[in-house]
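Just below is one structure, and these are the notes that go with it.
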Amino acid sequence: MTVKTGREYVESIRKRKIQVYLLGEKLEHPVDHPIIRPSINSVAVTYDIASDQDHVDVATATSHLTGERINRFTHMHRSTLDLVKKVKLLRLLGQKTGICFQRCVGMDSLNALSCVTFDMDQKLGTTYYKRFVDFLKYVQENDLVCCGAMTDPKGDRSLKPSEQADPDLYLRIIEQRDEGIVVRGSKVHQTGAVNSHEVIAMPTRTLRKGDRDYAVSFAIPSDTEGLIYIYGRQSCDLRKLEGVEIDLGNARYSGQEAMIIFDDVFVPWERVFMAGEYEFAWSLVNTFSAYHRQSYGGCKAGVGDVLIGAAATIAEYNGVAGASHIRDKIVEMNHLNETLYACGLACSAEGCKTPSGTYLVNILLSNICKQNVTRFPYEIVRLAQDIAGGLVTTLPSEKDLRNPETKNYITKYLKGEKEAPTESRLRILRLIENISMGLGAVGYQVESMHGAGSPQAQRIMIEREINIDSKKKLAKYLSGIAG
Amino acid sequence: MTVKTGREYVESIRKRKIQVYLLGEKLEHPVDHPIIRPSINSVAVTYDIASDQDHVDVATATSHLTGERINRFTHMHRSTLDLVKKVKLLRLLGQKTGICFQRCVGMDSLNALSCVTFDMDQKLGTTYYKRFVDFLKYVQENDLVCCGAMTDPKGDRSLKPSEQADPDLYLRIIEQRDEGIVVRGSKVHQTGAVNSHEVIAMPTRTLRKGDRDYAVSFAIPSDTEGLIYIYGRQSCDLRKLEGVEIDLGNARYSGQEAMIIFDDVFVPWERVFMAGEYEFAWSLVNTFSAYHRQSYGGCKAGVGDVLIGAAATIAEYNGVAGASHIRDKIVEMNHLNETLYACGLACSAEGCKTPSGTYLVNILLSNICKQNVTRFPYEIVRLAQDIAGGLVTTLPSEKDLRNPETKNYITKYLKGEKEAPTESRLRILRLIENISMGLGAVGYQVESMHGAGSPQAQRIMIEREINIDSKKKLAKYLSGIAG
Amino acid sequence: MTVKTGREYVESIRKRKIQVYLLGEKLEHPVDHPIIRPSINSVAVTYDIASDQDHVDVATATSHLTGERINRFTHMHRSTLDLVKKVKLLRLLGQKTGICFQRCVGMDSLNALSCVTFDMDQKLGTTYYKRFVDFLKYVQENDLVCCGAMTDPKGDRSLKPSEQADPDLYLRIIEQRDEGIVVRGSKVHQTGAVNSHEVIAMPTRTLRKGDRDYAVSFAIPSDTEGLIYIYGRQSCDLRKLEGVEIDLGNARYSGQEAMIIFDDVFVPWERVFMAGEYEFAWSLVNTFSAYHRQSYGGCKAGVGDVLIGAAATIAEYNGVAGASHIRDKIVEMNHLNETLYACGLACSAEGCKTPSGTYLVNILLSNICKQNVTRFPYEIVRLAQDIAGGLVTTLPSEKDLRNPETKNYITKYLKGEKEAPTESRLRILRLIENISMGLGAVGYQVESMHGAGSPQAQRIMIEREINIDSKKKLAKYLSGIAG
Amino acid sequence: MTVKTGREYVESIRKRKIQVYLLGEKLEHPVDHPIIRPSINSVAVTYDIASDQDHVDVATATSHLTGERINRFTHMHRSTLDLVKKVKLLRLLGQKTGICFQRCVGMDSLNALSCVTFDMDQKLGTTYYKRFVDFLKYVQENDLVCCGAMTDPKGDRSLKPSEQADPDLYLRIIEQRDEGIVVRGSKVHQTGAVNSHEVIAMPTRTLRKGDRDYAVSFAIPSDTEGLIYIYGRQSCDLRKLEGVEIDLGNARYSGQEAMIIFDDVFVPWERVFMAGEYEFAWSLVNTFSAYHRQSYGGCKAGVGDVLIGAAATIAEYNGVAGASHIRDKIVEMNHLNETLYACGLACSAEGCKTPSGTYLVNILLSNICKQNVTRFPYEIVRLAQDIAGGLVTTLPSEKDLRNPETKNYITKYLKGEKEAPTESRLRILRLIENISMGLGAVGYQVESMHGAGSPQAQRIMIEREINIDSKKKLAKYLSGIAG
């Protein structure tokens, strides 16, 4: 049995010698830093849920390699049902954490690599798939968190990697040795990077012949020499240093993004999954993106549930739960949220088997899913702020609530409906602030927009996948145009 | 083998002695009336497709009653895969006809009755399910079109059936006899009514004790004595009498709605499926609606494909197919259209088995599906009109194109891109007119809005199904509210 | 006193010898043709209102040329108040006719020509402004309707006029003579063309040196030799031939668009306002468009009022006027409609004096106005159809209501709220059908989209007018970027 | 000359003995507190602009009381042009500060009181208007900032003031004395409260007979005994304590909201403008709201300009300024932003004179304006985040940029287009973060939603103002319904 607990996970990452910078300082103990710890707590939930009897069916799976029960986050999808269960698991975890729990990128990277390394071997006679399977077994047996590192800094986006003023603005191989390769570059906004055991690098875009050195994929431990992490600051991050709880909105959990610097890092051959095969870069990007665009139909719907619940709760505390316009807004929030989920389910149910045996989502529908994710959470937030009322951004601080000179004023004057304690009202308003403009907004808004590719990236894929010629034929036939 | 062809279908309905009024006249030969015939052609496609080897898997099924291959429109869903195939079949037929093909209501009525009559028998000890199964066998063996007659005129919508000034504004039992019941009332906007073999009546709303007589469901042949059909006129219907083709946009196919008058109609007991059990009215309405709200995720996406194809074609004819804003609008049309389809698939894949053995869609998600259908087709139409240009409503008539005095002017001055014949341009513009404001708009817009229940009906169901308390709990937990 | 009545107007256009083709026939008496007459009635209202004491302030003005009281449609705007009154007049006429009353294009053409011919004379030493003023006096003194003819057929839109396979796809000068010019080409979707006294031609786009012959503007009587009109057919046009009233929805009034063919038409020099000055083509297009984009903030808001009123009436007849979701939808319709009006007012109030003395609207804000007009009427229609219910497209015909065999069924079963006669309910539903998919939809939807330029044309203008550099400076300053 | 400078303003408020609590502490020197000071800087700009020769026309006016040149923020609108200039002034200040500059509420309160106290005196024979004019002169002569204090905490919103469990949840008179009144209660989310010289209290809703004690309006110095301010915390407020600049996004300026506690405060009669006249409460609320809903058409458009400029700048830095989808999104942002402005202008241009001589905006159109403000800024933010890219929430901190160990990594890897310094890119991204989820989002989002009344409040007003009966008449007339 290879399923670990959250506690075991935390201890396992504490052992790493990882180089992390945050707010101008190098951290001695990143795992216990108050800004970082809540993001680790979120990952830990992805472990604990695998031992939760209520959820064992969605949270675990049987390894097709070992036959062992494993955490679903390390599983290769072997059926459309697996794809559907993934979406359900992510929604559940979004509900439980109210935030990004950071483990999907790794899962999606593993599944994408399983498809593409298989294809590479078939077409090129390489042995990448075998290497990948060895790595996958290691991950499953040790129940590891993988950081999927795809997004390069990109520099001037109108230029290709090799055209940039600085050739390092996309991660690249700077040296090939007998034992392995040396890479230099960076990956940006890496979700959960500091909380991961392994970093899986992949290219971020289509590559041409001249960009051969940029066609590189590999996996290395997160504390490999030369890896440096610079922590991304988030809206309201400093409140975690204030020693308060209410004002955090969601005190237990948060998300995480970081820049990873690859300062001439050595990677042994057995961990290299692509090294120069530029013609497969697009396939890897596209496959990963398809999986990851599906993911958002789950996790964002789960966070949406939390925000909807918060809106319904504050409506009750404000004494307006029965007002028809409030009820209608809550229906609308749910409508939008369930539309996201429906798209996540649909691209899963319509998935298909790839030559590797791993199931891939329907690419068109997973892009449809993500495109909606770039829109609806914003409208859900707008409605939540509408229902919450202005207090969501004008509340006094928790410290003022604790200050004996002001406590009574706050308690008296911010009382809502008579059954609702003032403090509860403050708590739920802070949760709405968290998701709509604080720590949670990072994941619920900007990540919804840009994670798994910016909206224009989906539109390009949609244009490719819609088979417009077949639709033109339908129209010509019905309108009586011959031929 | 019980699968008929379109031709056989047409002959079979020609034999009926049906009472149809249209434009102030009683029709001798409704099947050959130029306003009606295109709507019959649409239904005929639902027959022909069942013999089309490319589509036999989605278009037919194996009867669980007889083991025979049957048209899927007469099939009881025995799995979630059946539900998914239904959506795919409807999209395909929407693509082939560009219009409402009128056969879903009957299919959805049959499936709803199979669930609810089974439940009634279980709870009340009645024998409705057996009667229903006998009827179903008859339908399957003869491959019949059923009109699902649910919507009563409703009169003053703020009043219950028994409160109306005229008690007949909801269909009701006016007499019970030994051999059967006599019913009086009307059903309005009945899709495909005149083209059906059988009429299946059902209640249209929740009923209370005092509305017992309104709790009535049954099936009767469409030419039963006392049934009178008054044909609903549609936008641009008179063009079908003009002897033209181009100006129809879609000359082969159209849709159909009619009022049915039940002028004291006798129904024998073996065809009665509900007679007074008011407490099951809601269940029947709700089950039917769930199925029918799913349907629109298929058929409307199919019509959407036609409109998208038409928009892409006119863009090409106008010489602007490559303009970035045009391409972006076509992507947006597809995005919206595929979102509808995704919702249709999702509620199917998440379906579940009812006690009767018939599979029912996920009710929440099918309501989400329909709610989107009340919005997106309108936006797709708006974008189509944007791409089409003003000619879509200022084109001269086909007769002017045929008139030697004006033919050359039109041919010369309405020429677009040099490869596109002027006539083709006119044809495709007329198809866009058809779907956006002509015959097709009836099905693509107003039916999208009100068919299977008006938008507010879905919002009521969404509110019921979302389990807001569980969401409140999530929010309270994360914000630290105890209890 | 030069203000005519509607009756005088009708008699004046009856005298013309105009060549009109409609539905494959050349018309002897276009003024009395049942398809055309309602559109003439709409224009006539623009005359009658000028004698209506309630509206004399908005409907008339004092000529700056003659000091006479004139119909505002022939007036040059001499102040921002004139611009505001124009918008109010158009809203009023939209309310009174529920349709396009066809007289704005001429008004906007005259005002645009007054600005641009003045500028041409200043810069080129020409005498166009003097010619224009003579023509304007003639128009004012005889209270004439002018058709503003701008939109060329355009052929392949990716090509310039001189690049087209057929050089006539944009109107052009084919010969210059001592006494005048000869022009060939066509103008399409010409609003009110058949109902006008004069046709004012203008170029439709920016022109370069090689397109010199296409830089042509002039005014000629609508029955000039060589002018041929081919009537544009509209959704539901044939109902006007049916001898019915209710089914028309709006029986008195309709709109009109026609193709005009210029079959080698001679124009004397005193009526020529541009002949080769290609560098002013853009200015004329842009000035006209600015005025015409303002217009829609008035007329479409007026038609919107009618549709809102119809929706509120049918809600009452259906017995649901008090339902919160219905009330909210009516508020939303009004909100959108008033936003259009607000934009029309704003671009007027921010207008400025041009060198000619004529006031021009604020160009950015008039483009904003029109851009909203390409969106909101569609949403208002969607909401109207939502409120109306499915009957809006499934009603039996008026002839069935008149048929003694079906009259009682219809009267009985389509009764709504008890105070509302069934016939009134049918009438209001037909009006909603008219504006949402019938005759009125031509003006309220497609004309809203493409009249005064398609949406992309406004976006191009918005991009030009926003001064993005000044906004970048604001952002750089606040974020602390030096320089 | 009574126009002060920003510096004079700051000195004047430094002298007050005001009781302010922030983050659990009572402040000794609120004016110099790093969290508060930027909000004071914003107010100071409203002073400095009055001496700026470029803006003197919009920023100042001539007092109708004294004939002196005064800051427009203390002026009574004497024409529609004054109303228009107000909107232009607010847009200008939004552009200059990128945030809420807090001075509109006072201006709108003064204008509302001038209208309503005049009416009260006319109808009741009171002398409130005279008292008000004396106060206004004092404000104008000393160029004071007034805090308009309207919003009560409201407790259970389904209950009236006198029905609340705690009678103090709406501000009320607890005692009437010969020299004045004593009031108790609180006002919440008071914009700029701590930065004001005077506090003007007004009721927040319609009041009935039983709520007489709640009908109270007055003005008192902000450091009056018994007034206590508890500072509202804002998203990212702690960054102001970090000693950084870039990470603030907009380091100079911020907004401010605070709770004001009225702990049994005495108000002398000469400063009382309403005391028990409950029947005028609605009029005061409604008049104030109309002015304040107009305001947002100016200030939010100004902040919108900043965000648009930031988006255009980051597009340039990212090397994508020319991409068609980016350009289109910037056009869309402008389109929405100018629509807000157009509504602000329209309600001003359509203003009218009240009996007091003060001009009031058009109430319907000012509600339309605000309703759009509750929507469009959210969409503008969404588009800004789309254009910005994911870095907007994953950037390392300024301290990491300053840390020699990480500085080079950040500078190297976050470089964009080659002409743009990395630091500039960071600055503009932080400004976008500020407005979209940080300090600026408080004003640009939640204040846009709830300031001047929540969206439902506008919908109620829209429903009242639209004269639906006149619209029904239009529809009935055109559809041929008699009477």
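When the chains are written out, they are named A, B, C and D in that same order, and each has its own residue count from 1.
Criterion: a residue touches a chain if its C-beta (ideal position, glycine included) is under 8 Å from a C-beta of that chain, and two chains touch if they have at least 3 such contacts.
Everything numeric in this text was worked out from a predicted model, so none of it was measured.
Novice: In terms of CA centroid distance, which chain is the most far removed from chain A?
Specialist: C
Novice: Looking at chain C with chain D, do both copies bring the same residues to the contact (over half shared) or different ones?
Specialist: Counting which numbers both chains contribute, over half are shared, so the two copies meet through the same residues.
Novice: Cα centroid separation between chain B and chain C, in whole Å?
Specialist: Between these chains, centre-to-centre, one finds 37 Å.
Novice: If you average the CA atoms of chain C and of chain D, how far apart do the two points sit, in angstrom?
Specialist: Spacing between the chain centres: roughly 40 Å.
Novice: On a C-alpha centroid basis, what's the spacing between chain B and chain D, in Å?
Specialist: Distance between chain centres, rounded to whole Å: 51 Å.
Novice: Would you pick out the residues of chain A that each touch at least 2 other chains?
Specialist: In chain A, 325, 328, 459 touch at least two other chains.
Novice: Which residues of chain C touch chain A in the complex?
Specialist: 324-325, 328
Novice: Report the residues of chain A in contact with chain D in the complex, numbered from low to high.
Specialist: 21-26, 151, 153, 155-159, 165-166, 168-169, 185-186, 188-189, 228, 230-236, 238-239, 241-242, 247, 257-259, 261, 263, 318-320, 322-323, 325, 374-375, 378-379, 381-382, 385-386, 389-397, 399-400, 402-403, 405-406, 409-410, 412-418, 433, 436-438, 441-442, 445-447, 449-451, 454-456, 459
Novice: For chain D, which residues are in contact with chain C within the complex?
Specialist: So the residues of chain D in touch with chain C come to 84, 95-98, 245-246, 249-253, 305-310, 312-313, 316, 327-328, 330-331, 334-335, 338-339, 341-343, 345-350, 364-365, 368-369, 371-372, 424, 427-428, 430-431, 459, 462-463, 466, 468, 470-476, 478-481.
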